[in-house]
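The same subunit A turns up in both complexes below, where it pairs with subunit B and then with subunit C.
So, the complex of A and B:
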């Protein structure tokens, strides 16, 4: 039994209760804490590492200098852009195939029975483990990377779409029959919006998987890409370069996820609004 | 009539599933001897042969137990770190606000990003793998624990306090049980993730276990063994998933959310 809860980590929602807190903390303290702690941590890193002689932990100043030299803009076009292009291409493929196949599997029972065991098996394989297969089959080029990313990232979206569509409210289905909606209308105006929250949850997991596989596909013996540069720097003991790479990947991981959040909030605005209204009553 | 219904509801999907798997194997075999015969794709027989041969090797079982064991140790450590820190942060409003931005930043960053640093400091060892698993799994567990602690009904804690329970007793008997569904969900999701991180650490960082075997098979060009290892990893992944679902269901059978599902 698989539900999207498996991949989205959303626990069972308990009804909201009004909160009573005896101690009220003024909001400026909250803001000061939320902004202050990261600033303080960075400052602590800066000063603690300022005259670091430890080879593994160079000073933050050095890391940032290398960061600027490497990524802005020396390797930007040759490594950062191709990495992100692979990520975008692989993710786009995964999204299309995942949503499309999810629709087919949810609506056509024999196809679902036919493919479900295979899907559950393949998605249990750690996604990065598929990269070596594609390397030996396709080589180290961008084709291999996009294929690896796309295949690994398809499954979360596929399973979420399947679950989302299968759990579409029966009343909705009946109403669309009563109104004699055509097949196309049913798909685009009933099923797709009803399953959208779950599809987006799946897409978000897919994006994270795609990001991981992007890095892995570059770390396994390729010469270009952010991951490749970072691992090569580590292996050739250019420690500040390695830290700069890790920093870039970390920031990218955060930014990509944030962009997705924004897109999701925009497209699903009606859904979050409805939930908010429900909660208020 | 009855048997026909039964056949419809239970046996038919299984029969279709078997047909699907057999069909996949047929396509694989056809690809391996036909259009892709020059490439690294082994035939089904070669892959299964490699798998059978592998199952007879002591080294393979050692690698498998190392992988499973490392993932479990890392998961256990993540649970301890995540739950303890989560309760600490969840019960203090000040700490929650202080850590929110940092956690929000760290949450979407996968452990593979930190891998070069951890490998640099600890080398290709089991400790390296465990540290990487903790980095990957402790943060989601921590965040869910904080959410779970925050979700505990204040009326319950107030009631416990008015009954004269101490802080420790309230924590153990009210807050922790109240937060447990959140924690359990986080653990269920983290268990397969721990396995994934362990394999990644072996594949990219050289940590001992099946990931490393896969890397060796790849560099040796032994594609039959590679496919056999992938099959093993898929089975292991399914075992981890099933086990974590079972543990969650068993551990939380008393909780109202689970009781509702069963009813």
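So, the complex of A and C:
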């Protein structure tokens, strides 16, 4: 059977361009840059802030000391893990609803006509503004936090999925008809793989949104979580603690994004392979 | 593609880190941007959080006290919360900031050098002999019929506060301690006043710490006032403060003395003309005048006394909200000997 990868990867009869000799950068240079640049920047920050007398911008040494005291691992189980669990729960929910609803809206026109205006209205509301409403409706526990994250993070995936499905190549659709694929087969073997690059782009935006709302949702309710601790530190003028929280958020954001990139690269290996092959021809 | 992306992310990280590093090395912005000297053309910018006690600013302006003191212009900026006001005063964005005493001591403890210019609100000398509910614009409310009958009963219960480790939490902790309870056993929840009232109604929290005008709303909804923690904690004297960066005060003491003198005159007027003051308060807060009249009456002490403020400083240490007393001395108050 012809798969999306096969079709995409099929060489097209285009005039052949003269092949440029690619200058591959050795992997050790990439590693050196990846590790060396942040190290140099940290060293610059450390030196420049060493004699800081500004309360609002303490030295990096102070910030790192507080980072170690707070997060490694005094507050790890009580604050970091609950925040990440809420993030994972909310994002997973958003991914399922976003992809599922995106498919339905893309494929069933009447449903799209019915729901699209409402979706665009709700997604225009800043998610943070909805937190007090969620508190009124479902309280201020983890349910509220997960719901807030899920609602905010659903829309980028939903829109991307709709666009992805609607832009599936007509040839692919024809092929699936000729091969008499069942609805389930069309879904799993044609539409989903074809729309996957766009869906993943939407999921990546959803992840960023989920991360932001994770922090915002901790501003109210029980004062647990990275966001709650960072906010309390800011309001109590514990500025080094606040910077340590900001640093942790930066590190977590970076790591989560990297993990997402790895998963994306693995699942979309066929797609990146096809693009690489196209470039090579 | 990947290489380009790596370079872009590295460049972005570099810009961010260098920016942060540069900030780390910098000193606070040069204060005293506004015209200097109380010579009749001095402008003062004030950061407040829009409380009823800000009526004093309107009185000072409308009664001409500011002009008499040599202040030609008053710019009032509303800020989100006291820490934001203190940050603004430190950066030189404003000349004077309103802050309750607890954030003031938190700031001093973290090395922020502030000077008290004048009290901004508080209680009279005989506050402990008076009805606390008539003086205190804060209150702890429990649902009607609750089994909690005293502050000690809040142990182990869910109590909402507007912010953690801020004035309401500290004052309630003192009320619990004075009642023989252990404040560390309270489950504090951060809720905005509207959510707190709703959660109280739905039984999601056991008690709500509220500030006027939400105290009146809580009473109207059938909730019971459990305690007026402000009076319990402060006893008498200044509670809210007008503060400025010590460096700024040192550079232009006349301006701050002029502001203080004008405000003291406004306080005398406001304490004697409560109806008029409440009218201003209604305009500032956007709360119905009748509702305001049902709540506590704002009182302005004429002087910020060291012993009153240091008592609060001491209590914060005893309650464990600061590791040691904040570095607060008599010369932390403008004009104090």
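The working rule: the second predicted complex is superposed on the first by the 240 of 281 C-alpha atoms of A that agree within 3 Å, B and C clash if a C-alpha of one lies under 4 Å from a C-alpha of the other, contacts with A are read in each partner's own complex, and residues count from 1 in each chain.
Quick note on the criterion: contacts are C-beta pairs under 8 Å (C-beta built on N, C-alpha and C of every residue); 3 or more make two chains touch, one makes a residue touch a chain.
Since we're looking at a predicted model, the values are computed, not measured.
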**Request:** Report for A:197: first if it touches subunit B alone, second if subunit C alone, otherwise both or neither.
**Result:** neither
**Message:** One more residue to check, A:140. First (subunit B), second (subunit C), both or neither?
**Reply:** second
**Prompt:** Touching A:242, do we find subunit B (first), subunit C (second), both, or neither?
**Reply:** first
**Prompt:** For A:53, is the partner it touches subunit B (first), subunit C (second), both, or none of the two (neither)?
**Reply:** second
**Asked** Of subunit B and subunit C, which one contacts the greater number of residues in subunit A?
**Response** B
**Message:** Contact-wise, after the overlay, does A:225 reach subunit B, subunit C, both or neither (first, second, both, neither)?
**Reply:** neither
**Request:** Applying the touch criterion given at the start, work out whether A:30 contacts subunit B, subunit C, both or neither, answering first, second, both or neither.
**Result:** both
**Item:** Which superposed partner A:44 touches (first subunit B, second subunit C, both, neither)
**Value:** second
**Prompt:** Touching A:156 in the superposition: subunit B (first), subunit C (second), both, neither?
**Reply:** neither
**Request:** Determine where on subunit A the residues touched by subunit B overlap those touched by subunit C, and list them.
**Result:** 25, 30, 33-34, 37-38, 41, 56, 132, 135-136, 219-220, 234, 239
**Fill in**
The residues of subunit A that touch subunit C in their complex are 25, 30, 33-34, 37-38, 41-42, 44-45, 47-49, 51-60, 132, 135-136, 139-140, 219-223, 228, 232, 234-239
**Request:** Mind listing the subunit A positions that touch subunit B in their complex?
**Result:** 1, 5-7, 9-12, 14, 17, 19-21, 23, 25, 29-30, 33-38, 41, 56, 110, 113-118, 120-122, 124-133, 135-137, 208, 211-212, 215-216, 219-220, 230-231, 233-234, 239, 242-243, 245-246, 249-250, 253-254, 256-258
**Fill in**
The subunit B residues in contact with subunit A across the complex are 12-13, 15-17, 19-21, 23-24, 36, 39-41, 93-94, 97-102, 105, 107-110, 112-117, 119-121, 140, 144, 147-148, 151, 153-155, 181-182, 185-186, 188-189, 192, 195-196, 199-200, 203-204, 211, 214-215, 217-218, 221, 223, 226-227, 229-230, 233-238, 240-241, 245, 257
**Item:** subunit C residues within the subunit A interface of the complex
**Value:** 3, 6, 10, 13-14, 17-18, 20-28, 81, 83, 86-87, 90, 103, 106-107, 109-112, 163-166, 187-192, 194-195, 198-199, 202, 204
